[in-house]
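Below are structures written as structure tokens.
The following pair of complexes shares a single chain, subunit A, combined with subunit B in the former and subunit C in the latter.
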Partner chain A sequence: MRSSAECVIIGGGVVGTAVAYYLAKRGMRDVVVLERDFLASGATGRCGGGIRQQWSTEPNTRLAIESVRIWKTLEDELDADIEFLQGGYLVLAYTDDDVAQFEKNVGLQRGLGLAVETLSPEEILTEVTPHLNTEGVRMATWCAEDASANPFLTTQAYADAARRLGVEIELWTPACRIIVEGGRVAGVETPRGKISSPFVVNAAGGHSVPLARTAGVELPVTPYRREILVSEPLERFLDPMIISFSYGVYFRQTKHGAVIGGFADPDAPEGFDESSSLAFLVSMTKKLRHLMPILAPVKIVRQWAGLYDVTPDAQPILGATDGVEGLFQANGFSGHGFMIAPKVAELLAQAIAGEEPELDIERLNARRFEGGDFTQDRSVV
Partner chain B sequence: MRIDKHPILKFHRGREIEFELDGRGLTGYEGETIAAAIHAAGVRTLRTSIRLGRPRGFFCAIGRCSSCLMTVNGIPNVMTCITPLERGMKIETQTDKGHIAETGSSPRKGPSALAAQRPRGGRRGTADAEEPSRAEEPRARDLGHTPLAVVGGGPAGLSAAIAAGRLGVESVIIDENEAPGGQLIKQTHMFFGSKEHYAKVRGVDIGGRLTSELSELPARLLNNTTVLGLYPDRALSLLRDGRHHRLSADAVVLATGASENMLAFPGCDLPGVYGAGAVQTLMNVDGVVPGARVLMVGAGNIGLIVAYQLLQAGVEVAAVIEGLPTIGGYHVHGAKIRRAGVPIMTAHTILEAEGRGRVEKALVARVDADWRTVPGSETEFDVDTVCLAVGLSPNCELALMGGCEETYVAELGGRVAVHGSDLETSMPGVFIAGDASGIEEASTAMLEGRLAGLAAAERVGEPLDETLLESMRDEAADGLAALRSGPFGDRPRTGKEKMYDLARKLRQRGERREERSVDVQK
Partner chain C sequence: MKDDVVICRCEDVTYGEIVRAIESGLTTTEELKRVLRCGMGPCQGRTCSRLIARIIAEKTGRDIEEVAYPVVRPPTRPTEIGILAGDDEK
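Now for the complex of A and B:
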């Protein structure tokens, strides 16, 4: 392991490896990624792999649209199969609130150039999938350009591409402390030694909070356990991701053929617990059977949990850190880091490399929470 | 082909019933598994592999390997080696991952979404058909709470329940199979050791004795039930009759046994390559012969015993080969098959199994001290079956899923949950015994099971007869020490010592951590 670098990135998830890649692409190649375990071992590898552009706030929607632009050519760019598929996202509305919110969302999304339409329950069955139980469904929004990809393959692809450009990725190497000297970041301490660096990126998901604290920085990010399960593989019968905020569910079929899905338990305690619960298994299989009765005989083969790193407005914390020059944050993704990672990482790399980021990332700086004036994204599952 | 005459066993076959395989009418017997009935009809290919389309046949016979997945009554990926045959079943050879969309027109009639490995007639299509429009989804059934839950009704599990039961502690034993006894039910040979360890009793009869002893005690058996998961606070999720059930316990004994090891060689996935345990199941439980001529790979006790059992069932054994320079099993077992004219070829390995769609030939060669094949020493055997008896690995998935600390101990067969000499894992109240805690044999499994049952009974927290507890514990511990003192006990004894040592260290570390946190709180 080298003892100095131009930039140290903490976290070998999709965000950390992507930031490394986009930095190297910009010529900053003396970059080290520190990963506590193995690549995608945290939230990235535990997520559902959906890529959604239908959001209720402008920054999330814009970041997602710009990310999909990158996603579409990412396999060519990284020279790897990442199982990218534009199978669409079907968002189900069950309540009056849903319907009212979705109408607002569609207005915002269309204003940003997203091809999104509203479907009646009958149209869902004829145009998206004949297998959905539309009982109680008032309407849905549908974006055929929404997508999915394999989180492991994507992270591996970014890491491999970054390595080819000279980036070093240190696995099984936790960051113990961010070293700050005179209001400036000076490096990172690991059990294998210290790496001095003028730039440090905190992309450690739920663990970003204790890590930032070592630099004297308090982040408004709370980790919550989120559970998910996967079935045996089956021949393809479903292309889109199907989600509902009010019913609380998301699921899709992976390229491998497995049905993967979960929901956010509103009563999940905060903290770093990543154990699986029997209650989730029971509730989730019930939801799946209800929404898609043909899944009844399908066997569940595995369940697991990961951490959402949730901010007060469900939007990420991105960019420079007040009071610690050279320390950049890329965390607080609130459960949708994978889908917006390409653009977020590129913007952050631009900022670190001293370029003007293509999109304004100042509004995603942690200081937005100081005044208490922020808009929460309601399209969170 | 079915066995009609057997020197030891009598097969009590159920009623003859008809079923369909790929549209062809076949008959089997009630009470046997789908895979056994199909095998008896001479069909060797149960499915083809997803990626390369290679034929796959019977292999493990205990619901572990996925080689037997077929579509049954429209439900894909059913483990036919543990699913009982039923009249009128429509069975299809699967050539892909399986389809659900086309067959799902009456969705509420399907079994649970939670691993419907056993589509049982009667439940489906009758009970549900009477209330097809039921709006409420079936809920997980709560089986409530039991002082002691024992997972696995083999020698270790039954012994755990018996030991606890003698102290008056109630238990529920959960077993995947129709009848308890675990692998004992297929062991036709007589056991060694002393009288109290069932010497001179056949395995199949030991299972019966344990079961009848249990019937006098406060224990309840849930057969045909699979434990799907172990959760915090010793909550178990179960699959029974295609339905999901919940059960919680003050103490849990995991006695989930072992799985057979595979050996990698070209053609090792051909139908006709079987695990030795699977061959025992097929022959001694279902009364179906695996083939006409067998090559046995491995001359440990299992390899030697199963080779003899094959002869008893009227199957020709071409040879027993063993990679090591000497046989690993008892010489008395080796002598028996040598007397029957079967060559035991030590320092030999299998190079390849050949055949179109099924095993037709096996290529064997001598290996030198460095396990390199000796050129020119190749021998070809015309066999239709290759039987692998190359060791076992502990089934410790449940323990690991529950969050037990794990470690690798080669002498115990690989990955195992860390446990102390009281068999308790790092999860308080969760114990592990028998092959699941390290590969040994049925006699040690019974004694370990007893120790785990006693420790678990203490954990339940009811007042116990301390004198009886201590005498039972001493007896079992002494018995274990005696069994592990012989030349064949070296390996497990070393493994167990390493394990107990590690458990002690982990517990000390945990205690230190607790002390520290108490200090901080002060």
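Now for the complex of A and C:
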């Protein structure tokens, strides 16, 4: 392991490996990624792989739109198959609140250039899928350019591409402490020794909070357990991701053929628990059977859980850290860090390399919460 | 063993693919499972986990007892959605 680097990135999820790649691409190649387990062992390897541009706040929508631009050519850029598929996202409205909120969302999304349509229940059946039970569905929004990809393959592809450019990725190596000297980051302590570095990125997902604390920084991020399950592989019958915020569900069919899906239990206690529950298995299968009766005979083969790193406005914390020069945050993804990882990582790499980031990331700095005046994204599952 | 011998029958993963992945640095059953899908099929690794662990042990010079098997995720036996969902109460 190197004893010094130009930049140390803590966390080998999709965000950490992507930041490493975009730094190396800009010529900063003396970069070390520290991962306490193996690549994608955190939220990334546990996530649904959905890539959605339909959000209710401008920063999330913009980050997602700009990321999809990158996603579209990412397989060529990284020279790897990551199972990227633009199968669309169908967002179901069940309540008056949903309908009113979706109208606002569509206005914002179209204003940012997104091709999003509204569909009646009948149109859902003829244009998206004949298998959906539309009972109680008032309308839906539909974006055919929303997508999905395989999270393990994506992380592996970013890591491999970064390595080819000279980045060192140290697996099974936790960062124990971020070393700060005189208000500046000085390096990172690991059980295998110290790496001194003028720049450190905290991309430790749900574990970003205890890690930041070692540098004396409190992040407004809370970890919550989120559960998910997967079925046996089936013949291709469904391209889009189907979600509803009020009914609480998301599911899609992977390229491999399995149906994967979950929902966020609003009563989940905060903390680092990643065990799976029978209650989830029962509720989720009820939801699946209700929404797609043809799935009733399909077997569930596996369920698991991962952590959402949630911020008060459901938007990530990105960029410099007040009080600790050289320490950059890339966390608080609130359940949608996979889809926006490409752009987020590129912007952060630009900031670290001393370039002007293409999009304003100042508004995603943790200090936005200090005044208590922020807008929460409502489009969270 | 020949490269084209199928080690994970559920997911059709061969000895050659597993060895190449180990040589690329994926040296645990958890990592191999995530990248190659071996162990993620309907039998959930019942048939192949031990074989995969043995290949890892052989290629990395570790003792087979040191190579952990992948975490077994519920449900322990694939079960139909209609059965898991039970009766609808509403």
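The criterion applied here is as follows: the second predicted complex is superposed on the first by the 381 of 381 C-alpha atoms of A that agree within 3 Å, B and C clash if a C-alpha of one lies under 4 Å from a C-alpha of the other, contacts with A are read in each partner's own complex, and residues count from 1 in each chain.
FYI, a contact is a pair of C-beta atoms (placed from the backbone, for glycine too) under 8 Å apart; a residue touches a chain by one contact, two chains touch by 3 or more.
This one's a predicted model, so the numbers in the text were calculated from it and none came from an experiment.
Chemist: Looking at A:F38 after the superposition, I want to know if it touches subunit B, subunit C, both of them or none. Which is it: first, second, both, neither?
Modeler: It touches subunit C, and subunit B stays clear.
Chemist: After lining up the shared chain so the two structures overlap, which partner does A:N105 touch, if you call subunit B first and subunit C second: first, second, both or neither?
Modeler: neither
Chemist: For A:Q156, select first, second, both or neither according to whether it touches subunit B, subunit C, the two together, or no partner.
Modeler: Once the two structures are laid over each other on A, A:Q156 reaches subunit C alone.
Chemist: For A:G257, is the partner it touches subunit B (first), subunit C (second), both, or none of the two (neither)?
Modeler: A:G257 contacts subunit B only, not subunit C.
Chemist: Could you look at A:T17 and tell me whether it touches subunit B, subunit C, both or neither (first, second, both, neither)?
Modeler: Neither partner.
Chemist: Between subunit B and subunit C, whom does A:S197 touch in the aligned arrangement: first, second, both, or neither?
Modeler: It touches nothing on subunit B or subunit C.
Chemist: Using the superposition on chain A described above, determine whether A:S244 touches subunit B (first), subunit C (second), both, or neither.
Modeler: neither
Chemist: Kindly classify A:S148 by the partners it touches after superposition: subunit B alone (first), subunit C alone (second), both, or neither?
Modeler: Once the two structures are laid over each other on A, A:S148 reaches no partner at all.
Chemist: What residues on subunit A does subunit C touch that subunit B touches too?
Modeler: The overlap between the subunit B and subunit C interfaces on subunit A comprises residues 232, 276, 278, 281-282, 285-286, 288-290, 295-301, 303.
Chemist: Inside the complex, what are the residues of subunit A that reach subunit B?
Modeler: Touch residues, subunit A against subunit B: 131, 232-235, 237, 257, 275-278, 281-282, 285-286, 288-290, 293-301, 303.
Chemist: Quick one: in the complex, what on subunit C touches subunit A?
Modeler: Per the stated touch rule, the residues are 25-26, 28, 30-31, 34-35, 37, 40-42, 44, 73-75, 78-82, 84-86, 88.
Chemist: Spell out the part of subunit B that touches subunit A in their complex, as residue ranges.
Modeler: Within the complex, subunit B contacts subunit A at residues 50, 74-77, 96-101, 104, 107-108, 110-117, 119, 137, 139-140, 229, 231-232, 235, 237, 244, 246, 401, 403.
Chemist: Taking the complex as given, what residues does subunit A use to touch subunit C?
Modeler: 38-41, 45, 152-153, 156, 171, 231-232, 256, 276, 278, 281-282, 285-286, 288-290, 295-304
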